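Common to both upcoming complexes is chain A, partnered first by chain B, then by chain C.
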Partner chain A sequence: MVTGPLFAVEDLHVTFAMRARSVEVLKGVSFDVEAGETVCIVGESGSGKSMTALAVLGLVPSPGAITGGRICLEGRELSGMPRKALRGVRGAKISMVFQEPMSSLNPVLTVGSQVAEVLRQHEGLTSKQAGARVVDLFRAVGIPAAEERAAAYPHQMSGGMRQRVMIAMAIACRPKLLIADEPTTALDVTVQKQILQLLKEIQKQSRMAILLITHDMGIVSEIGDRVIVMYAGRPVETGAVSDVLGNPRHPYTSALIACAPRVAAQDARRSRLPEIPGMVPPLERLPRGCAFEPRCPRSVPACRDAPPPYFGSAARRVACWLEERR
Partner chain B sequence: MTVSAEPDPLDGVPSPLREHARFFVRHGSGMLGLSILLLIVAASLAGPALYGVDPFDVVAAPLLPPGTDGLPLGSDYIGRDILAGVLQGGRVSLMVGVLAAVISMALGTTIGSLAGFYGGRVDQLLMSFTEFFQVLPALVFAMALVTLFSPSLATITVVVGVVSWTGVARLTRAEFLRIRELDFVRASRAAGASDARLIWRVILPNAMPPLMVAGTLTVGIAILFEGGLSFLGLGDPNVMSWGLMIGGNRGYMLDAWWAATIPGAALFLAVLSISLIGDGLNDALNPSLRQW
Partner chain C sequence: MLEEAHPLLSVSRLVVTFDLPRKGLLGRPTVLHAVRDVSLTLGSGRTLGIVGESGSGKSTLALALMRLVPIASGSVVLRGEDLTRLGGRALRDTRRRIQMIFQDPQSSLNPRLRVRDVIREPLDILAIGTAAERRRRVDELLDAVGLARAAGARFPHQFSGGQRQRIGIARALSTRPDLIVCDEPVSALDVAVQAQILNLLRDLQETFGLAYVFISHDLGVVQHMADDVAVMYLGRIVELASRSSFFSKPRHPYSIALLAAAPTMEHRTSPSGVPAGEPPSPINLPSGCAFASRCPLAQSPCRERAPELKDVGTGHKVACHLV
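Take a look at the complex of A and B:
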C-alpha cells in the first residue's frame, strides 16, 4: 500500500545554463496533489508556473535542466527515471492539456487517429479497438457526432472542440494526474465554462488529480481545492482556495486578487482596473531579499536583506517577512 | 454527460490531401506538365513493343531526314532508327530519373531529419558530412564514381542519387528545425511519443509539401544527369538512352540537325514537364500562394 500523497514535488530546482551565466527559473518548488483533488498554480507570466508543469513531465527545454529536488508519483521517483520508462508515464499516468488547442494537434492527421495513437502506444490496443475507444472518449467529452468527428482534421474543428479532443487524448489512458496548462485561456468565455465543467465532471467520475495552471483567479475559485501562488520561480503562498482567496496573507496574493476584474462590483463602473505596478523582475537580476519587494506596497526594511523563509503550517504556507510578527 | 457542446457548422470539409489535389487539378501549367509526362511515360512504356524496331539495329542509310524510307524521325549516323531510340531511351531516362530521385530523397530525408531533430552534435556531424558532398562538383564527382565502377544502369542510378541528395538533406533539416518547436510536437512528446514516432508520424508528414516538390524536381535533375553522363560516353553502352543518342550524333549537327536534336527535345520535354509539375505542386501544397 502506497502511503503519502499521490503526487509530490519536493524542492524542485530548474536552471537554464547559458554560455556565460546560468539562470535558476525554479528555486525550490514543493507541493503535493492528492487523488481527486484540484490544485491550481497561479502567477504572472514568468513566474515559473508553466516551467513547473514541463519539469514534472521531464520536458524542460534545452538548455534548461532539473538541477535539484524530487518528483514522485505514487511513491515512485520520476526524476532520474530512464527515458523509456518516463515515456510510459507521460500520456498514461500523467497527461497534459496545453494552452493552445489551435496548434496542439497535428494538422495532417485526423483527430481520431491522434487519440488512437496514444491508446495503441500505452495500452497496446489494435487500431480497431482503439478506434472504438476513441468514439467512446469523444462522446464522454461532449463531442457531437463522435464517429464522424473522429475522421475530421484539426482545421475542421473549432477551438472548443479541439480542446475537447485534447482532453479526450489526455484522459484516454485514465491518468492519475492531469496537468492543464491554461486550458481555457485561448477560448471564449462561454466555452471556458464548459471546458472547466467537463474537467470537473471527469474528475468526479475517475478521482483523477488535476494540476491546473492559470493566471485567472476566477478559475481558481471556480474549480480549485488548493492553490499555489508563484512569484519569480518560487511559491509565495499556498493553502486551501477559500482561505487564500478569502484571507490572502502575502501582499502579492492580495494584489493578484485585486486585479481580477469583477463584473458585479457596483463601484467598478468608472474606476480603473487595478494593476500591480512594475513587472516580474528578470530572473538573472533578482533582488537580494524578497523578489516581490520592489513592487510590494507593504515592504519593510527586513524584506531587502534576505529572501523570506516559509511561515505557517504545511496546510497554509506563506513566504513573507510580515508573517514573522504574527 | 451534462455538458452541452457548441454546434459545429463544418461538415463535409475535405481532407487536406484531397484539397491539395483539387488545387493541383485547377493549376494550368501543372496539369500541362502532368499531361506531357503521362504522354512520355505511355510512349516509352508501350512504344517499343508497338513500334517493334530494335534501336540498335541498322535499318537504313545513315543520316536520313525524318519521313524518308518509312522512318518517321529519320536515321542516325550509323543508320539506326531514331524513333525506336527515342522510345527506348525514354524508359531509361525515366527509370534512372525516378530511382535516382528515390535514392536521393531517402538519403536526404534520413540525414536531414536526424540532423534537424536532434540538433547539437548530431546536427554538426551530419551537416559537415553533407557539406563534404556539397563542395565536390557534382558532375565531376559522378564521372569519377562511374569510371571507378563499371558503367551500368544500376551504378549510374546509384551515383546520380548519391551526388544529388545534399539539397534535400538541407531542406529536410530546415523543415525539422522549424516544425520540432511547434506546439503539437511538444504535445505529442508530453503524450509519451518516442523519438522515432515524433520523426516519422509527427514531424515528417508536416514537412512533406516542400519535400514532395524537391523530390519531383530531383527527378528532372537526375534525368539531366543521366543524359549528361551518357553524352560524355560514361553511360551504359548496352542500353539506348537519350544522352547516348545526343552524344553520338552531336558530330553531325551541321549535316543532320535532327539526329541529335530530336532526342534532345525529348529530354527537354521530359525535364520541362517535371518542372511544371513541381511548380504546380508547390502552389497547390502552399496555401499562402493559392489564388482564390
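Take a look at the complex of A and C:
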C-alpha cells in the first residue's frame, strides 16, 4: 500500500540556461495534493505558477530544465523517469486542461476522434469501443446532442463547449490528478461557473485530485480546498483556503486580495483601490533579500538581507520575516 | 438614473448589422444582428458601465459610438451633433471629443512608432496645434499617466502590459476628449496592475472632467467604476439603472444570473442561479425574448414577443415581461 500523499512536489527547481547567464524560474516549490482534494496555485504573470504545472508534466520548454527536487505520484518518482514511461503516466494518471481550448485542439480533426485517440493510446481500445466511450464522456461533461457533437470540428463549437471537450479528453482515462491551468480565463462568467461546477462534480464521483492554476482569488475561494500563493518563482504562503483568504499573513497575499474589486450587494463606496506599487521584478534581477520587499508596505531592514525561510506548520506556511516575531 | 436635459452623449435606437457572405451560390444572404435598438444617455463627467458576455454586442456598440463600424439606423448624438450624419471635416472635428482605449495595448499600439509618436499621432491627424505645442503636449500627457518623459523615446514593446495601457490612455487623452470609450481596458492585466490602471482612470476623470463608457465583463470592476450600469444580451440592453439600484436590486433574470455567477470571496459556489446553456446565435434571432431559452422563469409570452425596455420606477429600466 502506498502511504503519504497522492501527489507530492518537493523542493522543485527549474532553471533556464541561456548563453551568458542562467535564470532560476522556480526556486524550491514544495506542496502535495491528496485524492479528492483541490489545490489552487495563485499568482500574477511571472510568478511561476504555469511553469510549476509544466514541470510536473515533464514539459519544461528548452532551454529550461528541472535542476533539483522531486515529483512523486503515488510514491513513484516522476522526475528523471525515462521519456517513454513518463508518456504512459501523462494522459493516463495525470492529465491537463489548458486555458485556450482552441489552440490545444487539432483544428483539422473532429473533436470525437481527438478524444478517442487518447483512449486508443492509453487504454488500448479499438476505434469502435473508443467511439462509444467518447459519446459517454461527452454526456458526462454536459455536451448536448453528444453523438452529433462528436463529429464536429473545434471551430464549430463555442469556447465553453470546446473546454468541455478538453475536460472530456482529460478525464478519459480516469486520471488520479487533473492539472487545470486557467481553465476558465477565456470564458464568460456564466460559462465559467458551469465549468467549475462540472470539475467539482467529476471530482466528487471519482475522487480525482485537482491542481488548479489561476490568477483569480475569487475562483480560489469558489473551488479550492488549499491554496498556494506564488511570487517570483516561490510559494510565499500556503494553507487552507478559508484560513489564507480569511486571514492572510503574507503582505503579498493581503495585497492580492485587497486590490481586486468585488461585487457587493451593498453599494460600494467609490474609494480608491489599494495598489501594489511597481510590478513583479524580472527573475534575473531579484533583490538579495525577500523578492517582494521592494513593493511591500510592511518591509523592515531585515527583509533586505536574506530571503525569508518558511515559518509556521506544514498546514500553514508563510515565507515572511515578520512571522519570526509572531 | 438621472435624465439630463442635455446629456453629453445620447444614443437613440441604434442598430448595427453585418452582412455575412452567402453560403454557396444560391444561399440566402444572412445578416448578423450585433446591436439591436440600443438607447442610452451619458452626462458629462459620469461613467456608464456596460456589462455582457461575449457576443452581447458590447464591443460593437463601442465601435459604433466611434463610428468605426457602419451604422444601420439610429443616432449617436455627442454635444448636440449627430455623429451618424456627419462626414468629412465635421466628423473629424467632432471625433476629437471622443476617444477610445482598447483591451489589448499590445495590438492597439503601432510597434514601429516610438511612444511619443504614438501619443502624438491623433494630434497630427487632426492637425491640432503647432509642432512645438504637440511636443509639449506629449510631455504633459506622459506626466498625466505616470510615465517618465524619457519613455517617449522608446518603443511600445519595451514596456510591460500596464505601462502600455498607460501609453494607450495618454494617446486617448491627447485631443482633450469629453468622452473616452474604454473597451475591457483592464481585462488583459494582472490584478495588481489592474488596480493601478483603474485608479489612474478615476484620477484622470476627476482632473479632466471625463465621461467614460466603460465596457467590462467583470461586474466587480463595473461596480467600482460606474455611476450607471447597462446589461446587454444578444445585442439589446436588457437592464439599465443607477449603480446602487442595479447592484442592490437587479431585476432582469439575466442580470441576476450574471451576479450569481460572479466569483466572490464571501461564499462557496452554489449550483443554483447559473443559467444552463449559452446565448443563441445572433444570426437566427429567436422571435421572443432572447434570454427565454436559458431563463428559469420563462413563460409562453416570453417566447412570442420581445419585451420592451421599460421604466419600473426611479429610472430603473428592465426589458422583461415578468417584471
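Throughout what follows, the second predicted complex is superposed on the first by the 317 of 326 C-alpha atoms of A that agree within 3 Å, B and C clash if a C-alpha of one lies under 4 Å from a C-alpha of the other, contacts with A are read in each partner's own complex, and residues count from 1 in each chain.
As a working rule, a residue touches a chain if its C-beta (ideal position, glycine included) is under 8 Å from a C-beta of that chain, and two chains touch if they have at least 3 such contacts.
Please read these numbers as outputs of a predicted model, since none were measured by experiment.
Shared-chain residue A:G160: touches chain B and chain C both. Touch criterion met: A:V191 reaches chain B and chain C at once.
Shared-chain residue A:I223: touches chain C; no touch with chain B. Looking at the shared chain after the overlay, A:G88 reaches chain B, while chain C stays out of its contact range. When both complexes are overlaid on chain A, the residue A:F98 reaches chain B alone and has no touch with chain C.
In the superposition on chain A, A:E275 contacts chain C only, with no contact to chain B. Contact with neither chain B nor chain C is seen for A:A150 once the two complexes are overlaid on the shared chain.
Contacts of A:A232 after superposition: neither chain B nor chain C is touched. Common to the chain B-facing and chain C-facing surfaces of chain A are residues 144, 158, 160-161, 190-191, 194, 197. Those residues of chain A that touch chain B in the complex are listed here as 57, 59, 87-92, 95-96, 98, 100, 103-110, 117-118, 121-122, 139-144, 148, 152-153, 155-158, 160-161, 164, 166, 169-170, 190-191, 194, 197-198, 201.
Across the complex, chain A is touched by residues 1-8, 10-11, 13, 15-16, 182-184, 186-194, 197, 201-202, 205-206, 208 of chain B.
Chain contact summary for the complex, chain C toward chain A: residues 53-54, 160, 162, 190-196, 198-199, 202, 217, 219-221, 223-224, 243-244, 247-248, 257-266, 268-269, 271, 274-278.
Contacts from chain A toward chain C in the complex involve residues 44-45, 144, 158-161, 188-194, 196-197, 200, 215-219, 221-223, 245, 255-257, 259-268, 270, 272-276, 279-280.
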